[in-house]
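Okay, so here's the structure we're looking at.
The first chain written gets the first letter, and so on, giving A, B and C; residue counts start at 1 in each chain.
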Amino acid sequence: MNKGKILVGLDAGHVNTKAIIMKGQGILGYGTVTTGFDVVAAAEAAFKGALETAGVTRGELAEIVATGIFRDMMKVPPLNVTATVPDYMADAKGALFLNKNSRTVIDIGGNIHKAIRYDQNGNLLDVIQNDKCADGLGIFYTTMAKALGVSEQELSELALKSTKHVSVAIHCAASAESEAIDLMCQGVDIADVADAISRFMGERVAAMCTCMSLAQEIVVAGGLAKSKALLKHLPGLLKQDVSVLDLPEYVGAIGAVMSYEGGK
Amino acid sequence: MSEHEYALMNEQLDWKKAKAIVAGVDVGAVSSKVVILLDGQPYAVSHVVTRTPKESAFKAIDAALAKTDLTLEKIQYIVRTGRGRTQVPFGRETISEIACGAAGAVHIWGQSVRTVLDAGGQSCKVIHCTEKGRATAFLWNDKCAAGIGRSMEAFADLVKKEVNEIGNIALQSDQFPKLSDFCTVYAQSEALDLIRSKVPVEKVIAAYHYAMAKRISTLVARSGMKKDFVIIGGLAKNPGIINWVESNLKVSRLAPKPEWDPAVAVALGAALFADAFNKPQQFDA
Amino acid sequence: MMNKGPDTIIERFRSITENPREYAKSLQRKGQLLAGYMCTHVPEEILYAAGMIPVRILTSHVSQAMTRSYMHETYCSFSHDCAYQGLAHHYDFLDLIVTSSSCIHMGEAFNVWVRFAGFQGKSFLMPYPHIIETKPAAAFMVESFGEFKQFLEKFVKKSITDEDIERAIKVYNHTRRLLKRLWEFLRRENPPITGPEVATVTLASQFMDKQECNQLLEQLVQRLVAESGKGPPGVRLMVTGGACDDLRIFDLIEHLDYDASLIFVDSCTATRYFWFEVPEGRPDKLQAIAEGYIGRIPCPAKDNVPGTGEKKRFRFIQQFIEEYKPDGVIFLYQRFCSPQPMDVVALKPILDKLGIPSTELELDSTVPITQFSTQLEALVEIIRGVVP
């Protein structure tokens, strides 16, 4: 049985809010809710969902620790968060917890992607974030799945079936989307279009990573880490091996807990 | 069919009594539309969400024919248009959405029309035409202005509202922050950042509409404006966009006609071409 | 001796455009020194006189993002692609790369090669005036070319004589005349060669050994004189704009739903490359080259007639319109290019006045075929007055 306090990690991101309940080194439960514009309501909903899956009550909690772009907005009722952790730090600690040998995490999120290099204790060594033209990869992925009439999971599966290499414009998600539609209207197989979309995202992430040196082991986090099709292209583009963390979208939330007092 | 999709039929017309049965199929990036004419009169209209062009063409024609025993084979002439037109496996002729948009707009609004803004899901075009609906010039959006219509849908998802709602919400605010009005990626990203400044969602919706409308207006201004001005395509039904396009250009568009959804104007134009080609005489070349 | 029909010769040029690096390496294997250039404002004659073959760096059409760490996103695809090829070591075999100060985007691509792709010791950046229609411009160019000549003499360890330069001028003028002759076939109503084919040949010429190029061009022109039209001709379309080495677009123009013919291309990868001559037999060779290059159809980045705000390029365009009689004009420019679209703003009203419809295609490393064909077909429909 795990000793230690029960802690909640909240990662309030641009697109999704993630909550995780941990006791010591154990994960008790987690949940994700679309952030939308009412950030506090989304956090509350994610938090409640995680509590339910963990079978834990509010009274049993020691602390809620928030990270993510909207972390400061959690400081109001009903959550009354007092402990916040910057995104980069949370990512590093969370990645390290999930993989003790990792030294670089690439976090591919709903609106932004970033890479963080850290030491064996999770102390930050270097960070990089995408340039503005490459914003919105996660949102783009969701939109494209809708445009192709498939789920996000199916989009990845389709891409893996691709047999022909086609390309979309690389400048930004808007032009990539425009050209993905064009490819469809040319009669290009939907699997090949799905692959072109995945490769576009890999290219943008890899482009960002060329601005910072990456240390092995390199792990991938964030919602888009769940896309096998994206992960298929990344190692080749980075010219480095990568692996996907378990619970990739919860890395920040886990890291928030670990940054506070977690793991004890 | 999802809630953005519909099909209408004029039950008072009997296709078995019609001499000319023609159709226009507009396979766009975001939606596909079909208009069926009997002796030049509207018989059936459908508006479905596009997936792959081929399946969307079938979906649209099936939806249009759903309540009738008229079959695809009995339609004498079909003209294909829209981005996905080459993938439509039926139909005899393809005409660009530019020529179809001009023809459809003049048919709907009459001979005074000279400038048509087709604000669709993926692309925006400005079309100049004669009183007969003949296209004389056009401007296609530059790449940085691509996908405005679809970005509205993505934005609606992000604010957890329906796409039909956000246009009206946009008009509720007089004052709101400015967003980047050059590119949807920047505008979208900046809109998300406004959350941190605790800007209410209605104001952010207004800001996004204002920015997109500004972008569209720039296109029209670059192409030139000559009245009368009309707007077709999916965004023609977004009051937020319409309001600021009009105020930026200082020109009011002609009000939509009750008989015709502006989003099907291009499909209508294609059907009109089909009607003309179906007649014994040559079309104006 | 095989009797080469025009199609065979055109095929030779086309295969060279499909494998430019292999062609360049084959020249090197014959003992030639190669100088890559990224902009046509480089006086190739001086390189040729130095015993080097100027080889234009064109794009690979690969959709890649790695160059975003080196150059800003909003630089054109052409420059990003050129930078990419340097970083990917596609052209390590070149002995030298040269460019002139022209547009910022290409300037940065050149800098990427020098700073990050190993061309530090084998590069030359030539100052070149922007406002060419001024008195000081020629003297400026002569001085700049003089420095270039000195650099080359040290580089190849050989002096460059006036005879060397005169010889080079004659070879290059010969290429220019032959290419012009080729394009002039397109003035006919039913030419024996298509626009895309002429564009292909012209593109190849920009990185070929000019002597070999001239031999092939002579044969081609000779054969074509005897050939009948490829017909039936369609609507006549003229292209004007910036660098475009994507031959797929020219092929697209002639493979629309309607019959359309590409009859002229005003771009630095087509007619602007060669539509001038350098005066021959002059005592001051560098002065002659300067005069010749000043007489080029200007690139929008270098086109301003002082005091009038007029664009000299437009006089050429109007002349081409008179001679080639296009029914429609296609503006072609790279996305994020600044000078080209600025010219479009000024040129469109002129076309409107002449009653010539037009459309704009924005170039990228990828080609959105259905969008482009829609725009082109719409243009043809407008020209033909299509209405229900």
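List of remarks:
The rule is simple: contacts are C-beta pairs under 8 Å (C-beta built on N, C-alpha and C of every residue); 3 or more make two chains touch, one makes a residue touch a chain.
These figures come from a predicted structure and were not determined experimentally.
In terms of which chains touch, the assembly is arranged so that all chains touch all other chains. By C-beta pair count, the most extensively touching chains are A-B.
Averaged C-alpha coordinates put the centre of subunit A at 36 Å from the centre of subunit B.
Computed from the mean C-alpha positions, the centre of subunit B lies at a distance of 40 Å from the centre of subunit C. Our note on geometry: subunit A versus subunit C, Cα centroid distance of 46 Å, whole angstroms. Residues of subunit B in contact with two or more other chains: 83-84, 86, 123, 143-144. Touching of two or more other chains is recorded for residues 335, 364, 370-371 of subunit C.
Residues of subunit A in contact with at least two other chains: 133, 169, 171-172, 175, 178, 182, 185-186.
On the side of subunit A, the complex with subunit B involves touching residues 14-15, 34, 36-39, 69-70, 72-73, 111, 132-133, 135-136, 139, 142-143, 146-149, 169, 171-175, 177-178, 181-182, 184-187, 190. For subunit B in complex with subunit C, the residues that touch the partner chain are 83-84, 86, 94-99, 102-103, 123, 130, 132-140, 142-144, 269, 272-273, 275-276, 283-285. Remark: subunit C residues 257, 335, 352, 357-360, 362, 364, 370-371, 374-375, 377-378, 381-382, 384-388 touch subunit B in the complex. Put simply, subunit C touches subunit A in their complex at residues 62-69, 73-74, 77, 335, 364-366, 368-371. Those residues of subunit A that touch subunit C in the complex are listed here as 131, 133-134, 167-172, 175, 178-179, 182, 185-186, 200, 203-204, 206-208, 210-211.
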